[in-house]
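By letter and in written order, the chains are A, B, C, D and E; residue numbering begins at 1 in each of them.
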Amino acid sequence: MINEKTLNALIALLLLAVPLIAWFLDEPFIITLATKVAILALAAVGLNLALGYGGLVSLGHATFFGLGGYSMGILASHAQTYTPLLESPFVLEGTNSMPVIWLTAIVISGLVAFIVGLLSLRTAGVYFIMVTLAFGQMFYYFAISWPAYGGEDGLSIYVRNGFPGLNTLDPIQFFAICYVLLMLVIFFMARLNSASFGLALNAARQNSERVQTVGISPFKLQLVAFTISGAVTGLSGALYADLNRFISPTMFSWQTSGEIMVFIILGGVARLFGPVAGAAIFISLEHVLGGLSEYWHIYLGAVLLLVVLFAKGGLIGSVFRKSVSHG
Amino acid sequence: DNKVKVGMITTLSGGGAGLGIDVHDGFMLAIAQSGNKNIEVVVEDDQRKPDVAVQLADQMIQSEKVDVLTGIIWSNLAMAVIPSATAQGKIYLSPNAGPSVLAGKGCHPNYFNVAWQNDELHEAAGAYATDEGYGKSFILAPNYPAGKDALTGYKRYFKGEIAGELYTKLGQTDYAAELAQIRASDADSVFFFLPGGMGISFLKQYSGSGIELPVVGPAFSFDQGILQAVGDAALGIKNTSQWNKDIDNPTNAAFVESFQAEYGRLPSLYASQGFDTANLLLSAMDKAEVDDTEAFRAALKLADFKSVRGDFKFGNNQHPVQDIYVREVIKEGDVYTNKIIATALSDHADSYAADCSL
Amino acid sequence: MVDPVLDIRDIRKQFGALKASDGISLDLKQGEIHALIGPNGAGKSTLIGQIAGRLKPDSGSVHFLGQDISTQSTVQRARLGLGRTFQVSALAMENTVLENVVLGALGNRGKAFGFFKPVMHDKELLLQARAALERVELIDDEACITAELSHGQRRQLEVAVALTMQPKAFLMDEPMAGMGADGSKKLTKLLRELSNDAPILLVEHDMDAVFALADRISVLVYGKIIATGSVDEIRANPDVRTAYLGDEGGV
Amino acid sequence: MSLLTLENITASYGASQALFGVDLTLDEGEVVALMGRNGMGKTTTIKVICRLLKNQSGTVCFAGQDISSYPSHRAARLGLGLVPEGRRCFSNLTVWENLMASARQGHWDFDRVANLFPRLQERSSQYAASLSGGEQQMLAIGRALMTNPRTLILDEATEGLAPVIRQEIWKAIAQLKGETGLSILVVDKTLKELALVADRAVILERGKSVWRGQFQALSADVADQYLGV
Amino acid sequence: MSTILLIEQLLNGIQFGVMLFLMAAGLTLIFGVMGLINLAHGSLYMIGAFAAASVATLTGSFVLAILASVVAAALFGAIVEFSIMRRLYERDHLDQVLATFALILIFSEGTRWMFGSFPLYLDVPEMLSGTVLLPGGIHYSRYRLAIIVIGLLVGVGLYLLISKTRIGMRIRAGENDREMIGALGIDISKLYTSVFALGAGLAGLAGALVGAIQSVQVGMGEPVLILAFVVIVIGGIGSIKGAFIGALLVGVTDTLGRVLLPIAFGSFMETSQAASVGSSLSSMLIYLLMAVVLLFKPSGLFGRTQS
């Protein structure tokens, strides 16, 4: 019997090994797939903080994913066409440096998450799900109708942005960047959860009144969690945009929010590596089944159903029982 | 040898699957009929999601190492995939989407559109409305770039006034409010571009609304795939298309017959576009090696194949220069279909060709 | 030291037509246990809720340590040193017993926004938490998941969490409820000790405990205090006997 | 034969065993007190009787049927009326709805319950969530009575009730026993009040029934050893 | 814009609202009252429409088609409840999300596999086609009037079922504490299967009725799903009255937004740009409405505040 830490390490290793092997075998697309897994897992790791640990079931995380994506798209498209983003009151140039783009994505999505959280946290449960959805939809429709950056058509950025010292167009190098970021964030999440903030947040999810009566504000805890969560998902949005070198309003759609959520549920809610396992399995299934039949969605659905019915608590949760429940 | 590998990315699942399936079936029919063993087609479903399409394109280029890409139905997916694919040296043959950017400033020697530039059928509708002597049109389309192109295209060729201009929500299904506005306006004709399910809903509700104004539109709401679902509500409506099953040439007759024999349904314009796309590719393979990009492109540009549309030629921007017809929806026995009643535009080239530096 | 520690002045609260608090004034002095008794639905929990900040009174004020806290939130009041136990256990059910008390200690320390240091390795917090568990005799179960505790054990934990906060006054809503006879006896002893650290406003239906503990008793009926006095005075009060005590006063 | 018989029951929550052999009988028209310190398995025993928890071994018989394999609703329909620990009123239903939702034909109807607890009558259109603790307890008892059970099972029967009400309830229980032949299994901590109604007692210690007998025979020693009084 | 047109549009909004209510009715039961998150509600709606279209084509009878829609959807609902949802009551809401998400995939592609990728034909019956003339010279579609009437009937029926009957109380009690209602002698499983089937049947009915004036195709259920959730949440979960008012609000807001915003923007913008901006904003409007409602009433208009 292995413990959860060992399994986590195995997952992390596997996610590293697969693209490396693919690299040796010269199968660049496998590397791209692994990169996609790492990026979407990062989005889900972000959501997991709010949804898993904080009990804030957000169906609006596509907002932050999309904001991250559009941060990248807007900055890079201006850099590409050598037009400044802003001319007055001061000149703001676009950029194609990844670190700057990441920072922008984190700040903007974190900021919006803060505001959305500030408003949405007045509600709870299913109502919270729906308000966050509402914000997501507003951004979605806004992006669709904002012609400056492509509207419904989206926007192509023909070359991937740069990272000092690396050739980001090389799939394995870009994978390395995403992987390292993912691991860093997971490490940060692990610390966060065992720190006092994690304990209090976790308790606030279960019993908000308990936390209040010991003199801690659940609202503040949740707002901070939601903000961090949004910022992380925003970062992954920027990476995802770079993976595809393309952004579109789909990034903001509720289906995107739903998919990120599905990764978590599939892998295990409030499990450190749940989002990674979930994203990996979902994307592999999509890839494998997609080639099998025109009606592959049926098989995908069937597999997911089997998982819910027989792997209680997601894949990681079913291996290690210590059930965590949510409203 | 000169084996050619084709990557087809198209919509095969979900709501818009009918279009992708038609393109796919038409394409495959031509390949099968050619008997050419040197061509291999890899098909993937883009689920009508642009990011999926981009990843599939990566897969086709990186892993499958295809020479030619094709298949995309929707303009937004096309914009996501085509520029980077052509930049990577792949040939792209568009069997359906024709966004204006790729016809004008963004044209590329590796990009060929075998269907139409997006505005064209709408332009033809505008021309037809003018010919009919309509003086005031009420026009509507969904609020997305292709919708805006549509209204722009119509207005470009329509000489009358616009009684009202509406953008509906993408995917909208209820049109009571729009119908009330149409009724209240003093329009003498209605032009709409509402592809797929939106068009079906609109037409059913239009016919139930008691409004009697004549309607024109592009073929997208009257294609063989959805006419049966619209039923009587579509009868008599005029729509514009570069193709119809009654275009009188042997290639087309054979195509219609063999398509029906193979798949048990009448072909749609999408199927015809898929069919032409494959034949164009096959014609180029006869003339040049795919590895010799320069020569292969030249061979494609010649467009030396028998099109179901009759003569087929490319303009400078590698988009077709073609006749666009006016069709009327009729009922043949139990089946709703179209018949050509006029030619709206002859030898029509799109309005962006001038911006293309090719 | 400020006296009284807690001073409630003319609190009023109405639910529709029902006057749950009908002008209640009451105080809690240093070192005392002030019991609040009264029939079911008299408005005791409602009053506790208003003192703790969970409910907003329609009018009236609450003073704590000389400060008007009427407009402060539950969180602020807790940080000022108002500790409370609930009539129905309010605990983080999925967490362990120890984690629940550590949470209390954390609240006491006032720094919940630590993002990096593992909290369950914090010696000081653990010490405080375990001390509280010792006092309610729950230390053997510290590793249990709270949901797996029996009802009575949860009641004990509820008290332990309040202890970790080292409050300056306790509000206890039926702490004895659900505890067995021996549990009640032990808790009675514990409350006696606690009252030396901080006074207790005690709502309780267990008259054995109330009579054994209370320095003063107030009787709430239909949102009004009908009597305040020593144990003997209250026992002898005929109104209280008909409204609340029944036979129990006579013993 | 007894109305309710438990023989050598063992049961666990997941991996942790809670009952290690409980024996218990309850006859028609009898009141039995189930006693024991906190965490000794009283509630678990009751859950097993009501089929809210499966026993691992032993048998549960009620009204002449082995109900070990029954789902809870079937067991309940044989005449088990449960007043659970923690009340568990349906908070999103009004008092009246709480009472009517599971009502079955018989002696008890809304008027009778309202008679027993006038407070419930006053609050009949209020949502259970906003009732006071004691009012909820009354509602839970009333709700169980509305099913017209043959056996009433009260877990922490009078928790949170004011002394006068408690006395009312014990009086009512004595009366029920006498008039309607209802049998009652009751968990409560107030020994002296139990003494007024209980015929027999069963004491649990660490998941085992360690003492059974006439309530009157419950000596101070036994009480001290197992109950801490 | 003339007053009469404005009134007509208001009427259209109300009509759209009632139609939304009809679409949301089944979900009100399953989600609003039973508390189950059922993303596959849209699939049941689609199944109803497809069943109706097939039967209409086969038999030519609209009445039979409607009947078929209810039966088929209810049947699927019962199967889903019996084989899947039943195991998920005790679980997390999130497991229900994943399971019903999986069901969407299966149902959508299953339908496509059976019926092909092209839309089906289902039209308004002869008897209900055409328009009636309302006072003030408003032409109104007879069929839409019929939908309004049916929507109102369903609404009243549901209201009575949920608030006035014992069954309604039991369903709500089961949502609150499933174990407890079982311990009181109610076979909650059987009850839940029936109610789930009823909710599914209503979804099917809506699919068929609305499908006749919209398109019957794979994927038709998804937009409905979100709208129905919005309606229920605005009204307050668990309240039929709330769902009804929520539906009307959404219907009127959406319709008037679509109509008035472009006109408003037209006063200071070029027409076609105004049309486009106005229409974009109007798409956001119902979400804005929901957000605002929830910010001021965190449990919806008629929802009970959760403690």
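Everything below uses one rule, namely that contacts are C-beta pairs under 8 Å (C-beta built on N, C-alpha and C of every residue); 3 or more make two chains touch, one makes a residue touch a chain.
None of these values were measured; they are calculated from a predicted model.
Q: If you walk touching chains, what's the least steps from subunit C to subunit E?
A: Shortest path length, in steps: 2.
Q: What chains do subunit B and subunit D have as common neighbours?
A: Joint contacts, listed by label: E.
Q: Please report the minimal path length, in steps, between subunit B and subunit C on the chain touch graph.
A: So the least number of steps between the two chains is 2.
Q: If we define chain centres by averaging CA atoms, which chain lands farthest from subunit E? Would you check?
A: C
Q: So which one's got more C-beta contacts, A-B or C-D?
A: Higher contact count goes to C-D.
Q: Starting from the mean Cα coordinates of subunit A and subunit E, work out the distance between those two points in Å.
A: 31
Q: Measure off the straight-line distance from the CA centroid of subunit A to the CA centroid of subunit C, and report it in whole Å.
A: 44
Q: If a residue has to touch 2 or more other chains to count, which residues of subunit A qualify?
A: Subunit A, residues with two or more chain partners: 144-145, 295-297, 325.
Q: Show the residues in subunit E shared as contacts by 2 or more other chains, in ascending order.
A: Within subunit E, the residues that touch at least two other chains are 108-109, 112, 276, 279-280, 283.
Q: Give the residues of subunit D touching no fewer than two other chains, as numbers and ranges.
A: Residue numbers touching two or more other chains: none in subunit D.
Q: According to the definition of touch, which chains form touching pairs?
A: All touching pairs, sorted by chain label, are A-B, A-C, A-E, B-E, C-D, D-E.
Q: Contact residues on subunit D for subunit E in the complex?
A: 50-52, 71-74, 76-77, 80-82, 84, 88, 90-93, 97-98, 100-104, 127, 129, 143-144, 147
Q: Could you list, by residue number, the parts of subunit E that touch subunit B in their complex?
A: 1-2, 5, 8-9, 12-13, 15-16, 19, 108-109, 112, 117-121, 123-124, 129-131, 139, 141, 143-144, 210, 212-220, 223, 255, 258-259, 262, 271-272, 275-276, 278-280, 282-283
Q: Quick one: which bits of subunit D touch subunit C in the complex? Just the residue numbers, please.
A: 13, 16, 36-40, 43, 85-86, 119, 123, 130-135, 137-138, 156, 159-167, 189-191, 227-229
Q: Using the touch rule from the top, collect the residues of subunit C that touch subunit A in their complex.
A: 52, 54, 73-76, 78-79, 83-84, 86, 90-95, 99-100, 102-104, 106-108, 110-120, 122, 161, 164-165
Q: What residues of subunit A sit close enough to touch subunit E in their complex?
A: 51, 57, 119, 122-127, 130-131, 133-135, 137-138, 141-142, 144-145, 254, 258, 261-262, 264-266, 269, 295-298, 300-305, 307-309, 312, 325-327
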